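Both complexes below contain subunit A, partnered by subunit B and then by subunit C.
This part shows the complex of A and B:
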């Protein structure tokens, strides 16, 4: 689903005089936190501003080696693992690249763009997603400015990704010193290009997920829903647990990639809309009142989708060590899923250490349950969707 | 293996609060100082509600909160949820849980913020439901998230009531400030506490008796004048004036900052840090709630500053700025009623500018940039010798500010800043860290006092004699002559000198 954001940005605007700009400028972006849901945006955005695509450089995915090598003594606080890792990414971009970058761009993401945007109270980032860069920077300037020492310009604007007009103002102000003569219109156009590319990528991922779910349902094959923050897709943060599950033969679909196809959503939520219990396919107010946080809202919505979709027989919840945002959601997410009989498992407190032992045991458990019960779970969910109360009763009794 | 419930999960929705509930239901609230809570009781009682503050949260409440809600809460959530639950459990033992669910409702501030403050209710609800008290009513004062309280029509959080509540909280700030500036220097132990009790009762009565017109203009006019409350403050001052003090005792001044709940309350949730510091020989500079109210106005102003292209942006911005001016003007008026002794509130633009190189003022959650701004302000403007930063275990925004403080410390290596992680049950560790810095703060205060004596050309006994001669009232504006300590500033003033 493409989200319309700008009406006139692509209208012809006088092209900026770029002669003062460095044609070989290299921009380094730490691959952290919500970069996992917006990398295409930033690549296309900088490309539109004249940076060569190959010169938009991301730090590598989080790894133990990266953290050990680059964040030594930099981490200033004890907090959730994904934020703790920022220092390692900064360090890698500052000192670990063969070809150094000129700019380290690390936006402080105050709000995010979300397909739930108009259905929820707000689309804020987690306070640590917002301020993580500020905290990490502290460790790099405490004993002398490491950015200046590496000849790197540190640019870290506050960005409201959900508001294009404001975003353009914020980015123009922050990037004008890097791109002399940068105008508001030029930034707006770059933002539109960015979202276009991101939307295409998202649409593709959702399309693939749609096909997988359809196939699973057709073939009565269980799929697993992975519920987490976007950065749980980072192999160093989520520890590739989803791959272990895939290896057992179960397709795993991230909540972030669930299809938004109207026909499908109508099948899942139409009845509730017609009887007035939901205002729209994207309404979550009946299960989650404080819908301020974009990632949390989407996670709750994905849980509700997973609870209803017949092909999703199990859901696996990812949560990082000392995550504050997830804490109040543990029970609601589990209850949403279990209310319709979807199996629920969770990996909590994920940190630097891959929980290999528990992943193995849990994977075996999940396989065991899916082998034994997935058919009945899927039949029952289908019966629940079609309102066949008698079938639901029979299937539930055989369950007990 | 899960059993299908046949019923989809639904978020908690409290029964409405009806007009007949107003007669029989007691509204519970908490999370502030005993002074502010007592004055809020006055506000509610005066508006025809039964209301009472919960007892001060204890360690037992922390454990209860941890036990009943999902793991990983920040410690203020655990304290406040456990506090409510323990109170209700005790009451249930005496009168049965149905009676408790019918006789009490809990009222607290909600938030449209990004941290857990906006999601506290989830922990409360889970804790209550784990105890079978599902039908208990929790109401969150949050305009963006109607919670059903208004549905029954019995709970009218009108502008008149809210404005009385704000003035009550500000008056409590003023009383607290005076109290903390007298107690360390009192000559008779307990005299200040007694005066404070009497002062708060004067104000309780004024809050209860306040009659605020219902229309907007009437509310605004009443808020600016509020004669009853202002007169009560003058009466309160006389109670404090009766406390004998010796301000020439040298004491380090310690500014309390940190997360809102922890810096505000006085008790187990923050290891009784206020009284601990006083016992250790410090003068505590507490954190008034009014700064937080002003911060909220500033933060909302920024919203409109950043979006001039939105309809009514200029009007909204002007209205918020005016509200901030009115708030501070009112607070200054209250300070004047106390002869200017309570500290002046630091201006938000000042705090924002000081914090700007380290923490962006647009970042929300918790205290935002204030934590950093206040630390730099206290240090560079000689407001305190040391800053005790109360940082809740598991807090999201606070950990980020603490990280950014690394850069501040790099720029101000002489800043005595103690970040105390408060878990609720690791008191010794936190207090011993505080103790280390306090020792240094004491020696700085002593050294500063010596410099003050030298600059003023007085000996201690001459200063004492001169102070006795001046016969000034106890509650009066204290001089600020370039020192942080009260005694040093006084000596400088007596000698007509500056540091």
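This part shows the complex of A and C:
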């Protein structure tokens, strides 16, 4: 599914005079937070502005070594661990690259673009995440300007990713000093190219997920739904906990990559739409009224998808230490999944240390229950979906 | 006029006397929690030796213990960081960074010159022993190192090992295992210095760079030569990395100072500050009131501070005892017939339970672990046999030793501990929402949903809340653990102990004892603080209501009724209407669950894989511990032992550097994490190939993001 972006932005294509621009400009982007859901957008965006693709560089994934080496003494004071890690990424981009960058680009993301856009109240980012770049920057300027010392221009605009026209204004203003002569239209076109590439990339992820789910259902094998924020895919933040489940033989589908094709969604939600309990495939208003946060909305929707899809026998929830955005979602997400008997496991309060011992015990635990119960869970979910009340009753009783 | 400065800290009392702004007398004493008495001794000495005169000279107090004592002496009380800063500013105008490490706290102060004078940034931590003096001394005592020796031990040029800097009690455990592994004491102590400096730099700089020049204050910094060397090493490295310019003609070491009177900065500072004020407001009142406090006041105040006893009203206690004092599960006098056995090989204890076909408990065994899984297995099966277990139809096995022993013993049902505990609890309480298992060294909390374990918290990083602590205190009072509850229930009132670090809890106990609290009152208080440590501090649960309403308590520590009473009170207070139950096989619940699973998953014509009692007792093995067996996966370098056990169809380890032929099976022990179970790079490659194969067969959509998205 493609989300409409702009009306004919690419139709007007005045080619800008780029002679004043540095053809070898290098842009560094920290691999943090929501970048985990929009990297291709930014790569293609800058490419469209004339930056060579290989010159758009991301910091490495979060790691202990990175944090130790590059954030020492510059730590942002924040209880959100993913935000705290930004300092390490900044440090790496400023001093850890073989070929230094000219620009460190770290947007303050106010809103995100979401396929749930027109079905929810809003698509805002987390306020902590929004302010994250600012608190990290603090660590690099309090004892002299480290950006200037490394010869790097720091560009950190406030961006509303969900509103293309506003986004174009924000980016044109912030980037004009870097790209002399940058016009609103040129930015708008770059935004379109960015989304085009990001959408294509996401579509492929969703296709992979689609195939896996179909195959699992066909072969009656369980798949696991991973629920978290985009940055939980960062090995230094989510600690690759789901990889251990994968190694036990279970495919893992992330909530961010669920298939969105109409036929499948109709199978999962059609009945509720027909009986009037849901307004559309993407309606979450019955379970999540205050649908302001883009990532939270998608998380809730993914939980609902997982609750219904017969191949998803279990869901694993990740959240970071003291996450205020996640707090109110714990119970609803769990209840949504359990309503149709999907097994639910959670890994909460993740922080800097990978809790290896307890992860091993828990992976074994999940694996044990899946081995014994997944067939019955899948059969029952299938029966629930097809409205086979008798089969549901029998399968529910065998549970006792 | 003389000004006395008195610094009443967590472990020592320090005192100076200034005459016309010049120090004329100084002394410090360890107080061993007798703060008031020690302060009195020092004041007496000041009167006798330095001429301090009541109603004529001035006195100022500072330090964490000054709040209680200042009112009796007449002088002002100055916050200790303010006092230290004042002294530093007066004596060392060029200092930019101060680290003051105390017995139970640590502070850093950053001075930044600005147009409006000096800006100060202060960071302090006093909730955890990691990084404080107590952290070093406690370990040193365990290693049998005297104070004088400790002072002279070096850091420079000594091999370092990894020691947990996070928790003082675990650092002690780390130090112990390093010692057992043959690491010299010098290296252990140097590693402790390293841990302290790292902990200070990691938690107490918060975005500031300690710049020269640097002042190191407080007892540990002053006394421990090695600690100063560790600071010099790390600061020099930091300055080099950051390109910090040092004053000309100086090296990093020249920029780090520990003044001869490093102990007295807080005293000097508070005396200086009070010296600027009107003398009549801070006149030294003499010893009279302090004497009253020592002999009567502090004991009276004890009664006011405390709260009602753990037992509640007599009626409450009767109701509680009636509900929770169970006779335990009755075992048959002598087990007989073919049985289903569950074994739980934990890290410190080994448990076994034998069930009849109907699920009745026929025998149970609970033993301390010897540390060698094969010997543990031999011992536990011998004990089972003594109890009449003669024939085994199904063997379930769980706990840390499960993977090591399942093939060697021929287990039919190897299960992970969470599943075993859940099975054991849900068999007795089918509607349980949570299991709280408090053992000797760890705390496990399992949340149950839909018949499975949906969330699991394991705390073995911080010793707060585990049972070893209760045992230690009971031992100190010479009370048998079995009599703990009876004694604790005798208390009509108890002090409020603080939640959190076990190291500080220890000194808090001594402190409360000093106030006159008796042993049974302290034991009651200790039991009542345990739930807080278990759920909030170790388990990180802020809201117990979200867990559910039926709580199962198990684990050896819940054999103690005082703890159970505290848990019941705590949980019911947080979750109105909660039902709290103790598992009838509290200590053996895991083994009980494993036995149940062996029974449930047994099919009528199934033969057990169990190798038999004879063969267990005759298990032949040899152990190898040398350089080759040392784990090289990380810097900890655990001294592993390879135990090769003779079993008929053992696969051997022909590729190993310590090869062993077919007919032998290898068990690896002595590792502190699961990576150590993989012998070496050769085995790792084989394992990795298996994992890669599994991953290719079962995709993970995040992998595309990790590998492809950022291009």
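The criterion applied here is as follows: the second predicted complex is superposed on the first by the 397 of 400 C-alpha atoms of A that agree within 3 Å, B and C clash if a C-alpha of one lies under 4 Å from a C-alpha of the other, contacts with A are read in each partner's own complex, and residues count from 1 in each chain.
The rule is simple: a contact is a pair of C-beta atoms (placed from the backbone, for glycine too) under 8 Å apart; a residue touches a chain by one contact, two chains touch by 3 or more.
Keep in mind it's a predicted model, so treat the numbers as computed, not measured.
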First, second, both or neither for A:369, with subunit B first and subunit C second: both
First, second, both or neither for A:207, with subunit B first and subunit C second: neither
Subunit B versus subunit C as contact partner of A:64, first or second or both or neither: neither
Partner chain in contact with A:242 - subunit B first, subunit C second, else both or neither: second
Which of subunit B and subunit C A:331 touches, first, second, both or neither: both
Subunit B versus subunit C as contact partner of A:130, first or second or both or neither: first
First, second, both or neither for A:286, with subunit B first and subunit C second: first
Subunit B versus subunit C as contact partner of A:17, first or second or both or neither: neither
Touched partner set for A:266, first subunit B, second subunit C, both or neither: neither
Those residues of subunit A which subunit B touches in one complex and subunit C touches in the other: 76-77, 138-139, 142-143, 330-331, 338, 341, 343-344, 348, 369, 373, 399
Sites on subunit A touched by subunit C in the complex: 31, 36, 39-40, 43, 53, 58, 61, 72-77, 138-139, 142-143, 201, 204-205, 208-209, 212, 226, 233, 235, 238, 242-243, 246-254, 256-257, 330-331, 334, 338, 341, 343-346, 348-349, 355-358, 360-362, 364-365, 368-369, 373, 399
Subunit A-touching residues of subunit C, taken from the complex the two chains share: 201, 205-209, 238, 241-242, 415-419, 449-458, 460, 540, 546, 673-675, 691, 694-695, 697-702, 704-706, 708-711
Parts of subunit A lying in touch with subunit B, wherever the complex brings them together: 76-80, 83, 108, 110, 121-122, 124-128, 130-132, 134-139, 141-144, 158, 163, 165-166, 169, 285-290, 292-293, 307, 322-332, 335-336, 338-344, 348, 369, 373, 380, 384, 392, 396, 399-400
Contacting residues of subunit B [partner subunit A, same complex]: 1-12, 70-74, 110, 112-116, 118-119, 121-123, 126, 144-145, 147, 306-307, 309, 358-360, 362-366, 394-397, 399-410
